[in-house]
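As written, the chain order gives the labels A, B, C, D and E, with residue 1 at the start of each chain.
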Amino acid sequence: MNKEFEPKILGILCNWCSYMASDLAGTSRSQYPPNIRVVRVMCSGRIEPQLILWAFQQGADGVLVGGCNPGDCHYQEGNYKALRRVTLLKTMLPQFGIEPERLRLEWICASCAEEMRKTVEEFTNTLCRLGPLKVQIPQIIPVTGKAVVEYVQT
Amino acid sequence: MTERLNRHDARRQADFDLNFGKEVAEAPGGENLYECIQCGACSGACPMSAYMDHTPREIIGMIRSGMKEDVLRSETVWLCASCYSCTVICPRQIKITDLMYSLRQRALKDNTYPKRIPLPVMARDFYKMVHRHGRTNEGRLMTNVYLHTNPFDLIRQTPLALKLWRHGRMHLRQESVEKPSELRDLMQSVK
Amino acid sequence: MLLRDEFSKNGDIRIGVYVCDCGTNIAGKVRVPEVVEYAGTLPHVVVAKEYKYMCSDPGQDMIRREIKEQKLNRLLVAACSPHVHEETFRNVAAQAGLNPFLFQMVNIRELVSWVTKDPDKATAKAKDMIRAAANRVLFHEELEPLKYHIKRNVVIVGGGIAGIHAALLLADSGEHVYLVERESSIGGHMAMFDKTFPTLDCAACILTPKMTMVKSHPNITIMSYSEVVEVNGFVGDFKVKVRKKPRYVDEENCVGCFECIDACVFKDARYPNEFDFGLGKRKPIYMPFPQAVPPVPVIDADTCIEFKTGKCPKECLKACGERAGIDFAQKEEIVELEVGSIIVATGFDSFDPKKMPQYGYGIYSNVYTSLEAERLFNASGPTAGELVLRDGSKPKSVGIIHCVGSRDENHNRWCSRVCCMYSMKLAHLVKERTNADVFNFYIDIRAAGKGYEEFYNRTMEEGVQYIRGKVAEVTDNAQTKDEEGKLVIRVEDTLLGMIRRIPVDMVILSVGLEPQHDALEVTKMFNISCSGGGWFMERHPKLAPVSTMSGGVFLAGACQAPKDIPDTVAQAGAAASEALALSHKGVIEVEPNTAFIDETLCSGCQVCVGLCPYSAISYDQEKKISILNQALCQGCGVCAGACPSGAAQQHLFNDSQLMAEIEGALAGVL
Amino acid sequence: MDYLYYPGCSIKESGIAYEESLTAIMDVLNTPLQELEDWNCCGATTCISVESDEAIALASRNLALAEKQSNSKGTVDLVTPCNACYLTLMRATHYLSERQDIAGKVLPALDKQGLHCDNRVRIRHPLDVLVNDVGVKAISDHVRRKLTGLKVACYYGCQMVRPYATFDDPHRPTSMDQVMKALGAQTIDWSLKTKCCGAALGSLLPDIVEQLCHDILREAEKRGAEVVVTGCPLCHFNLESNQSAIRKRHPDFKTIPVAYFSQIMGLGFDLPPKKLGIQRLFIPLPASLTAGAGKGGEYVTA
Amino acid sequence: MSKPKVAFYWCASCGGCEEAVVDLADAILGVVDAVDIVFWPVAMDFKREDVEALKDGELAAGFVNGAIRTSEQEEMAHLMRRKSQALIAFGSCSHTGGIPGLANLYTREDILKRVYIENPSIVNPNHILPQEKSVETEGTLRLPAFKDDVRTLDQTVEVDYYLPGCPPPVNLIVNAVTALVEGKLPPKGSVLAPDVALCSECERNATKPEKLSMKDVKRPHEIIIDGENCLLAQGVICLGPATRSGCGAACLNANMPCTGCMGATSGALDYGAKALSAMASLLDSNDAEEIKSMTAKIVDPAGTFYRYSLPASFLHRRVGRPG
């Protein structure tokens, strides 16, 4: 285990449950590793692989997707959509040499501050064990005079 | 107990060691120690509690308060029969039986175990026998224990021993594993 | 898409960053001046300021002033959770003439200063989060809040004391209320009780008048023997489907004479009455209790001979005669209601003590639950208020065991809050009716209410024995003569530090409260969530205790957490006034975080159509693309997440905003 | 299914009749037990009173041996008839999966000796196997001598059902009752099925243990049991050997035979009493139960 | 006035793109009329030196197909860039990496080992691998360097236009050449194909059920595909919803699912991620185990969703971690 290594975690959290749980972790002053950066979405059903892979490309060593417990989704079934996407994405990550443990889907209810704390702590430990993830990509050479990223429209 | 305290003396905080509770909580069985609500369900369920100097609930309270001496010299931890009634009934899921084991270990290590009851001696004799042979022999074990505690008991138990012998329920041969030294190495390497 | 450089070229984005100290809440961990200095170096940031309390008047004034002076067109406040002050600062922006959705809140309190030990790391994390937001706001656009008209009807789910009280309040203020109750009578648990603590009012005397008022109120429609099966729509405009179960007695035609019950071919009541937990008996056609509302009998198809064999002489039908109240052909019916708000008052279940076999419930006949005991004490209960055991004898000693199923990690971890008090009440009633010896076994006495401690003292004076200790077991194993034929309670008397065995004739288990067995389905139906243990979750534990995360859905009573009657009634009143405030406002504004579909990009693949939980997306046969109805969209973003071509997007959470935010969040060196 | 068999030290001595009868009935039921080679003492509740890591290592060695000896690549069933061994081995599996600190020491130490513990061993009590694998139906199919009318008190003791076991209820277990009923016997309904007999304190604190045993035996007697049936060598020893002392203190107490459930099953299967170690009991079973057994003699209730 | 000069070059690709030019059939005559082809290794005998001899920017357009894997391809890409006014990435491989791009799931070392040592049809007892330079008695032999990864054309040089497809559909090529000749090209950076996904031109789109979902995942060989109905509704992964149109749904007309050669529309930044998200969202189950067993049926997710676009994806290649 690399003691020096401070993993970066991106948490994409559902507004109604896991984000509330992090809020509650704050109000209850539970202390957890500062390695997580949080992006709030209204529902885990908004979270898509493109955001997750983007996070890995941008330097995240792990991505935590937080949604409501099955059956508790504020938008009825958004969390199940997240479950489907994450499940399929996890089968693909190893092909890219990325350990599936680096992507974590957790159901953390709004009152589960302790679970939130534990999750971040555990995840940080897991990532310390796995070591850093270094995605290296070639720059796209932009057409002179116009900012272009990726494919550009007609 | 070292000396009987005067009932009218207040217990002074200086005699208490708050770190003791933390240490016990670290060891196996101590997991939920600080969640105890002193409800007494453990003591109520315990078949031995009526014979103990402190009930299991009191022991937990004493650990948390830091009454190290009193706890480690208490007979309670040795009277536990390992029936686990307390563990399954505890509303805070404290593993009280396992807690008793870790207190026994501590008492043996610190040499503060109560000398009046034979149980600590038996624990050591049993441990030594397993250490030496890898298996135990009931007859020999009890002989050792009685010799180390009260040899008169040996005489008192003779009729029972004879009865067991007559019914083919006692062997004198010390059974052992194939290579006791390997077993000793195993135990040595986790120390 | 992500044309970041376009902004840098334009140079017309002007961001103001305001970092709050929150006293020492933030500044105690995060080095705010350093963060402010850093924020000032971020692209497009033209001003970065620190202030002690950004949400205070001077703080707000400063922001308003600077938005104008510095011509800010993006606003960023780094302070507490958006759940606390997002609304505040959106208003500040709006007051200064800035579209409120060009604002972004950065949570550096709950997510940073309160959860991080190390000041260096807290400071670094705060910087990262501000950078993420500064990245994100580049892609914000002006939006208008969505406005909806609110319907004035209210549906109340659950006809216990909470539902009854809320219904009367709303109805008196002129709103029309549908009171849906799944049992055949309203009244709930309170109707089972004999007396109520601590004043010992007779429950029936205070409840039944209210039940009658509900019955006769022109603004209340009682839908008993009915259940909500589906809820659609949103705040102001819910469509609620209710299933009316057939009771085989026509509510319109029935005059409440009960001649049908007398006439039933079963001369004696022989089936266990569920309302009495089987301690009393009923006929196949029955009233659960005499004061039931509506006062209309119900036929239990499982026990009625006509339903079982079709060969009953149907004496009930004959007795009813021209009144034509009996209707064997009645069918289940689905009724759809349109309402503006919903009050969920579904109450609680009691813990099943069979899960704790050490207490002998279901094994020894003289072990009762507290609710069974309530029925025994009730004057209109199975024993007409006499406390007698199953063999007809009066107990000479009674043990009341508190916290059964409560405060126990193996079962329910919470304190059920009412058991201490009702156990004292039962102890008092035992004393009053039988003068038996009463032992109450408790872990802690929780008597924190008006007059509660006094009631505790009163029962002690009456001679009730209080033994502090959680009972280990109730057994019929007698070890001495005086224990023969008795139930023996084994317990550590923790105050005396000794193990005791106490023989009694009757054991009452003070069972805890737990969420209704089908609470989970209820949360799904009403789109609300559960907090720990399955109790329905309020929007905020202190500041919005009866609201839920779903707009227009309110909570009343024990469905939210265990409560006694005074608290339940108070909360029902609060829920009613929330519903009333909503309907009086007439119009509601909601955050425009709805989805939209870029028509030029959409191929009409219809992946999104089936995924939308609100059926807000449909396929347009003419245009051959998918169309989104903003009015139905609730803003989950599932469509945006699934859309394979990026045509479906979500306002405030579009791809560019989220990716820019992620990029900013991760750009720091940890 | 293959079952490895961990006898434990007591079974080889005072509890020898348990082994004899268990082997006999398992053979009848076509569920032979294969003894674990080179097993060592589980450490009982005593070693862990001295040193916990060593105690877990000691018990875990048996688990590793079982994994080695078994043909199965998946779960290995290790049957142990002694309640204390059952608990101790089960505790080792729990500690290894729950306490990382202990597993971190024990597993490498085992590795050094070429032994591996992959958490594949499932500790089974014979009653668990009989009720859940063999099945009550199969047992009653093998009954050759129906014990109709025999009143037995099933005594389970503590460690068979607490705290780790999941095959039966920790307060009101029924597996032994089911087995006895399958033989045609009648079981008494009592609340002391899992009350502690004093366990290992037996020989050292005779006064206390006598009293505990007296409570149990007297209740069984009072409820009309003709024999107390156990599934643990230590329970058997305590309940049986203390009776003479109890009688001295409580003259109204008679005696009541104490047998292993496997012995009673053997009698129901009409096996010769000798093969079941019946002669090793201090207090003889009712003559009606043993007379004619093994020779096709019908059981006639007294 | 002389005709505009154009050149074609072939990097890491299968040759199908060259075929596509030939497939212009009659239309090619028009092309030859309109332009002067000065370099086309597959069809005409011009050499690299001939291109080097041109003035910079002398080519009106350079068409490069194939991905960039070797040093030679990289050099040629730079050469074509220098000589062309408009450099056009022609076909999936140069656009987004194409099939050769799937090699990015393996390291360079793994590939060489597999091809030259482990391959059962290879006899190479001394485990000799290709060398950039090898000295033989006849002299020193040189081979282009096999680079560490596969890159798209625009990860190598600036690209002005993209003609997507594997190979690009004939009508798109004609449109592009016509626009070039007429000087009516769109802004630089454009993809010369419609910016809307394939469902828009797929006849089966009309057959979709009201709520589209996949009850199970089937590979095309596992079922008899119904020729009329939407493949997704039949449980077959069809990437039409995520893929740019312009091909006339050619594969669908041959009763096979779209595998995504045309790449993403402008609304998606990572083709595979978007496609994966859509397919996963359609799986008709809320049960974790069931979802697992359904996703397990997609045996090669990276190959399924990034068949033509791995090098252009966010992750670009298998992640190599330090240490």
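Rule of thumb we're sticking to: a contact is a pair of C-beta atoms (placed from the backbone, for glycine too) under 8 Å apart; a residue touches a chain by one contact, two chains touch by 3 or more.
This structure is a prediction, so every number in the text was calculated from the model and none was measured.
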Touching chain sets, computed without chain D: one piece
Chain labels contacting chain A and also chain E: C
B-D or C-D - the one linked by more C-beta pairs in contact: B-D
Identity of the chain that, by mean CA position, is farthest from chain B: E
Approximate Å spacing (C-alpha centroids) for the pair chain B, chain D: 24
Intercentroid distance (Cα basis), chain E paired with chain C, Å: 55
CA centroid of chain B to CA centroid of chain E, Å: 74
Inter-chain centre distance, chain A versus chain C - centres from mean C-alpha coordinates, in Å: 30
Residues of chain B whose C-beta touches two or more other chains: 85
Multi-partner residues of chain C (each touching 2 or more other chains): 1-2, 358, 473, 611, 638, 641-642, 655, 659
Per-residue multi-chain contacts in chain D, two or more chains: 171
Contact pairs between chains, per stated definition: A-C, A-E, B-C, B-D, C-D, C-E
Chain E-facing residues of chain C, complex: 1-2, 598, 600-607, 609-611, 619, 624, 638, 641-647, 655, 659
Residues on chain B engaged by chain D in the complex (per definition of touch): 27-28, 47-48, 51, 79, 81-85, 87-88, 95, 97, 101-102, 104-105, 108, 117-120, 122-124, 126-127, 130, 134-139, 142, 145, 157, 160, 163-164, 167-171, 175, 177-178, 182-183, 185-187, 189-191
Residues of chain E defined as touching chain C within the complex: 195-200, 205, 208, 210-213, 239-242, 245, 264-269, 274-275, 277-278, 281-282
Interfacial residue positions of chain A with respect to chain E in the complex: 48-50, 52-54, 56-57, 70, 77, 80-81, 83-85, 87-89, 91-92, 95-98, 131-146, 148-154
Chain C-facing residues of chain D, complex: 169, 171-172, 190-192, 215, 219
